[in-house]
């Protein structure tokens, strides 16, 4: 049987997490190719609507990476993100989407190892959930 | 529709090793919008860029996707290439298939598939990119330098000599940093004070330099070319203009405190001048220890002061300065000996750190340069130096090599031997790192001429018995367990970032590594710039280094700043927020969301506006807007959704 | 005599076994010698704790298995506590003892214990020695 | 107050004086040491190889018994038992696979081990629960002018995760003795291994260790040593006989269990039966100092 390879849409902020992902590369750390990056300026640019769109279109997981609280390049962008993420988790459950497939993590530019680790662990987790069921029953 | 050219880079085998570039080229040739596709071994090379430029003409391209390394590396290179061909630089997208793909995956099938997806997202984004022109803003031709060690001093002098104004902020009452504490410096054994004081005096005299000593940076607002800095000057309670440095005040002061300059090995009064050559040359009252404050219990110094220079009621002063660029040169501290359980937790008075030993060696130090140990003044005859104390120890202390301690330890042993001819220095080491110019010669010469004994191995434990430190070490070269009854032990403690700088660095949102050192924009090619525009790095704040390297880096940072200031105005990224006036309801949510005050409500039209120069393009307001009236140029919701779709449908 | 080396020797099965039983990576060691400097019984050893790690790095396992060192080590954990790389050297020693003991090679001959001692010895000494030194 | 207590083999043999004095001292301090039922040997030494599950069973069986008896902790006197039980507990609770294997092996015991029992050394109980201030109040005969060297050895401080105090510079024993009115001296070799079980096959090694440790205490001004491990006590006390034969200049020094001296200080007195379990005469110094 072919191994199940999830699709994980990742929104990475330019200053911290995307730089951390670059560092994971420079350090030649390994993680699964399920991690599919989209670079944004700041995690606060990530509209909850994007996340919902990703799921309805068939993504198996969505990962949002930003600077550590207090370290945001734009001072407080990641606080907005944190609030929106909490809200999103609630909304997900009411919409019948699986909020356990969402992941928010703070990864700094120096945390290449953390990026690889989170990518590995999160992919394993999504694998254990199997394919995203909501792509089969579009309801909106 | 745009005619887009796609260029896939092999990066030697860095990309090609995991990504089948030929197959990818064939596959993507079919993708809608791709007018031309090609792969090449090194896209960033001259022929690589020429390939792009020639193809633009030949195939009448109006957009380019380069699939290569991270955009932080070569985005501007390729943008410049486009511009040369009269194509707007925002018609370029870089697909990062190296750092975030080929280097992190092994499987060729997967690597190729993921690269294809990444390139498609870049294509989708590019299709909707607008041509934008940079926003130009005025440039303030003044520079702020934080930290007045040798790094800050060198950079200040270079920039001031270049004709621009420098604001130098030092938190201590005097500039000089750690270098002014050193005795003689490797590899040439120049007297540190002799080479340092002229530079300090030059700072004081230079017409382009404004020095704020005893001061701290409170905040910096704005963006490259246009910062506003708030500086707090702590009160010194002595008016520098009136003080004649007569030193009548210190003898009468009843309070004694350990001297910072002598690393706690001598005493100063509560009113003091850090050291005779201090710049600015004035006395300071240390409020934490002075009895004269709250309630007024002592006015002895004020009574003694003829020129009436002392004023206990002085309050902190606040200043605002406009500047265009910042150099951070906040320097280092030593890892505290108190952290070393195995070496007695700093409880033994004759176990010293390197800076304390420098003070003992120094002619201006607590012993006038004679070799006496702190506990009882005895001349140490058996002296042990322990390298890598706290360094290279990921398990219990710090993982990195502190880079200068091999060298200063051999210097210490040599200078000791010159003072105590019948004494014997021993050095425990793991490796000797003497890579600088004439450094190896310095080490070898010291060993042969001065009979310094190196033991290869670490010290496991120091016990104190009577007035001796019993050092339990090893020589792994001969398998001998070594025990030395030492009179004095000097620990080559690890270099750590200056503790009090952490707050400022954090306020400025500068990136630091896991050890707290500032991160440079690129470790090889942009070593003196921060990723944050307008911020430059110099000296040990960026990583452990010795004086030659510190000075080189400081001059390099100065050169970068001079290059910036040679422009007449600054160009600001046009990736800013915009408002769709049709949709905007004037709710004002974006105004409160923007961290830069770039948003305002137009009271007449009842809609929000964006001040392009202030907008940093974070996008927070766009997500916040309930009416979808706010958008970000070249990163619109539609563009992002199209990218999401590429990844989601498989 | 020179010690001839090849990649089969460097990566031999016994090294794997040592790593497996001890849970330590012998290549973590950078030969600082802290373990040996603090070992209370190093003067009785034929190879020092840091040399145990060194020999394991290039597969000189014969020397390790036959060393006196592993029987002299008293499992005091001083080396493990102080190693800057977090290597538990004491576990490497234990693994080497174990490899011997599982082949019934030990160093304690119960008949040789002095009878006078036998009366005074606390049970924990006897049981301890039997467990560390006999197969 | 009742404290569930695990004695271990040696406290029932060569170290009766340790148990006896501990029970007495705790009574004076209003605590009752209740011996747990059906205990077995702790296994003495912890096996450090990754696959040595079988060798941990002795220790684990005790933890299991304690759980069966609904005890949530076990107070231990012997440093060796303390160390072995702690590490065995970690070995199985940290790794689910090990835990499952243990439960499979012990299926006959009709109980699943959960890992709930805490292992506490008596010194920790004295410091954290009884408190040294309280002890100080109860002192009847202050050990004034007695210079005591606390010998920790290996097992109270290593591995560092189970150290009962700072693993390079512990002071718990010194602090305890200060509260008893004595002069607690932190002598350099107090953390150095005594040679442990090597005393059987490599007597010469232990003799030299004893020589070095006691000499270090002597140089630091100690007049007596206290310990909490019967094996350390054996090596440091009984082996002084051979040490004296080997090193002519060696001066003997009495070695006590810390509880024996506590008993003297807290008014429990000295029990004559304890004397014969010592090699170096313990009574002499106590008489000299007017403590008995």
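Which chain is which? They are A, B, C and D, in the order written, and residues in each are numbered from 1.
One rule holds in what follows: contacts are C-beta pairs under 8 Å (C-beta built on N, C-alpha and C of every residue); 3 or more make two chains touch, one makes a residue touch a chain.
Every value quoted in this text rests on a predicted model; they were computed, and no experiment measured them.
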Completion exercise
For the pair subunit A and subunit B, the C-alpha centroid-to-centroid distance in angstrom is 30
Exercise for the section: Give, as an integer number of Å, the spacing between the C-alpha centres of subunit D and subunit C. Expected result: 26
Exercise for the section: Using mean C-alpha positions as chain centres, tell me how far subunit A is from subunit D in Å, no decimals. Expected result: 53
Exercise for the section: Take the average of all CA coordinates in subunit A, do the same for subunit C, and state the distance between these two points in whole angstrom. Expected result: 47
Handout entry: Residue list for subunit A, restricted to those that touch at least two other chains
Key = none
Practice task
Among the residues of subunit B, pick out those that touch two or more other chains and give their numbers.
Solution key: 342, 461
Completion exercise
Contacts with two or more other chains occur in subunit D at residues 167
Practice task
Just say which it is for the chain contacts: an open line, a closed ring, a star, complete, or other.
Solution key: other
Exercise for the section: Please list, in label order, each pair of chains that touches. Expected result: A-B, B-C, B-D, C-D
Problem - Residues on subunit C engaged by subunit B in the complex (per definition of touch) - result: 30-38, 42-43, 47-48, 50-51, 78, 82-86
Problem - Touching residues (chain side subunit D, partner subunit B) in the complex - result: 166-169, 188-189, 216, 219-220
Problem - Residues of subunit B defined as touching subunit C within the complex - result: 342, 388, 392-397, 430, 456-461, 472-476, 479, 481-482
Exercise for the section: Sort out for me which residues of subunit A touch subunit B in the complex. Expected result: 5, 7, 9, 15-16, 18-19, 21-22, 24-26, 28-33, 35-42, 44-47, 49-50, 53-54, 57-59, 70-77, 80, 84, 108-111, 116
Exercise for the section: Give every residue of subunit B touching subunit D within the complex, in rising order. Expected result: 341-342, 344-345, 461, 463-466, 470
